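Several structures are given next for inspection.
Presented sequentially are two complexes of chain A, the first with chain B as partner and the second with chain C.
Let's look at the complex of A and B:
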């Protein structure tokens, strides 16, 4: 008679705390909560803008609240962390080769940072231009 | 502790008498060049002959000696006591697989998945042996070579929380092997494998944790194969709307 009795270890709910790599992964995925909330606040602002000047000024008033300012700072850090992890993973999604040699990950990662810097300058330029006008 | 000895905690599970695994501590002689399987051999030969564990080649090519060493999936043959002098060593069976006995994990599910993806060259236009071999350029080889280096050790499955949470997921090595054949210029079986790629348990079961690539002892990078599989699956979705696939 077989004495087999395979034992299946249960996976605890906090499995991601046991391994640093998994913890950082959950942190990366967790940034989506802040990005999601930020998007809702933006939508709220857009809706206020459509409603008229009073609603818009009311929304702007809310945004001056230290709680909202604090939230935006946290959301900014979350976005940056997500972007950094994404940039470092981006090369995995593509196979690039020159002749019979695979191209290293570096150009793809550096390319992402260059686009990021250019986009940031363009957006900040627009904001400064809008503020001046 | 004697300076020439080192303590090693080993997971034990004897199905005929234990209800659950437990840890047992052994003292093994320390040497700079002593690997985890050397330590396990010492235990089996000198301290407790009932200890069960898998091993074979001792040179990181057979893929038999995968264990969790301090919670990290490692090959016992290329993991050395010298790297754990400050932390101590705990050896357990590969995570996410049922424990058969002591350090022996039942990796049957993984092996079945490897078979499922049709890991062989499929030709639509059968060629006679008399026509000679299928030629391949070095550039064509580069497209899949990295993914062909897998030794089926299962460390990536032990590293993958998605497989741990739901073992319906095809998992890193099987999807990588699938990608390896799809990328092979001699293969024409893409259409026969695409349903596995597209399935919920296929590439989309992966959330890009990336730990599989981190622990892979052969530098295969399964995470990259799966992400490229996602690109392929998305492309297939769009193309199938424009030009329906011929039934296979």
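Let's look at the complex of A and C:
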């Protein structure tokens, strides 16, 4: 057995609460819980769709439950926070060059927001104008 | 086996990170609108998702690909983040089990979604 007794800096499980940057990091990671749960809710809806019209309408009925509406409101905020952080990180993840220079972060981030707005309008418009029919 | 006698294992992280990235893109661009529609506007009666329309959409091959993408990729994204957040929360017991658990869950959800879409 070693006689060495090195100092190990203690690290409590709530380490991220001490620093705002770390808190926001954990908040960002936490948004994934809502993203995952929403995937499960969509899978549930898809299963209902396969079963038939009665099961589909039953699923729609569950979605009208105030608990589900409340969940989806929180999930929407969480998902939007994820989107904001994702767009802010985009220029770090994709290295776009113009000549020898890396292009600045701003046009890349702005481009993402423009695509986000277009995508949202297209999806909403598709459902609103009965595009699914 | 290499010349030095060591066994090198190819890391599986790029696969999971790729799925995480794809899920992050879908969750950022498409999921907010989808939550707004299925979770808020349809339940409040502002928009409709009637069976015939949704069934027609899911019967089309392009519709199937879109539905699989919006269900499966965000699940991989979420499971990857939750798995790594466990380490951040100092929960480091049974890493191998939890890796199998979280990525296994994303895998099962993907297969289930694919099977349902084929069934329509």
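The definition used in the following text is that the second predicted complex is superposed on the first by the 124 of 133 C-alpha atoms of A that agree within 3 Å, B and C clash if a C-alpha of one lies under 4 Å from a C-alpha of the other, contacts with A are read in each partner's own complex, and residues count from 1 in each chain.
Here is the rule we go by: a residue touches a chain if its C-beta (ideal position, glycine included) is under 8 Å from a C-beta of that chain, and two chains touch if they have at least 3 such contacts.
As the structure is a prediction and not an experimental result, all values here were calculated from the model.
K.L.:
Going by the contact rule set out at the top, does A:29 touch chain B (first), chain C (second), both, or neither?
P.N.:
Both partners, chain B and chain C.
K.L.:
May I ask you to decide whether A:87 touches chain B, chain C, both, or neither, giving the answer as first, second, both or neither?
P.N.:
second
K.L.:
Tell me which of chain B and chain C touches more residues of chain A.
P.N.:
C
K.L.:
A:114 contacts which: chain B (first), chain C (second), both, neither?
P.N.:
Neither chain B nor chain C is touched by A:114.
K.L.:
Applying the document's definition of touch, where does A:95 land relative to chain B and chain C: first, second, both, or neither?
P.N.:
first
K.L.:
Kindly classify A:3 by the partners it touches after superposition: chain B alone (first), chain C alone (second), both, or neither?
P.N.:
Once the two structures are laid over each other on A, A:3 reaches chain B alone.
K.L.:
Under the stated touch criterion, which partner chain does A:16 make contact with: chain B (first), chain C (second), both, or neither?
P.N.:
both
K.L.:
Just chain B (first), just chain C (second), both, or neither: which does A:39 touch?
P.N.:
A:39 contacts chain C only, not chain B.
K.L.:
Is A:130 contacted by the first partner chain B, the second partner chain C, both or neither?
P.N.:
In the superposition, A:130 touches chain C alone.
K.L.:
Across the two complexes, what residues of chain A are contacted by chain B and by chain C?
P.N.:
11, 16, 29, 93
K.L.:
Inside the complex, what are the residues of chain C that reach chain A?
P.N.:
Listed in rising order, the residues of chain C that touch chain A are 21, 23-25, 27-40, 42-44, 47, 49, 51-58, 63, 67, 70-72, 74-75, 77-82, 84-85, 88-91, 109, 112-113, 116-117, 119-120.
K.L.:
In their complex, what parts of chain A are in touch with chain B?
P.N.:
The touching residues are 3-9, 11, 15-16, 18-19, 21-22, 25, 29, 89, 91-95, 97, 99-102.
K.L.:
Which chain A residues qualify as touching chain C in the complex?
P.N.:
Chain A reaches chain C through residues 11-13, 16, 26, 29-30, 32-33, 35-36, 38-43, 45-47, 49-50, 53, 56-57, 60, 63-64, 68-69, 71-73, 75-76, 79-80, 82-83, 86-87, 93, 112, 115-116, 119-120, 123-124, 127-128, 130, 132-133.
K.L.:
Can you check the complex and tell me which residues of chain B touch chain A?
P.N.:
Counting only chain B, the residues touching chain A are 13, 15-16, 20-21, 71-72, 95-96, 98-100, 106, 137-139, 141-143, 146, 161, 164-165, 183, 207-211, 213-214, 221, 223-224, 227-228, 230-231.
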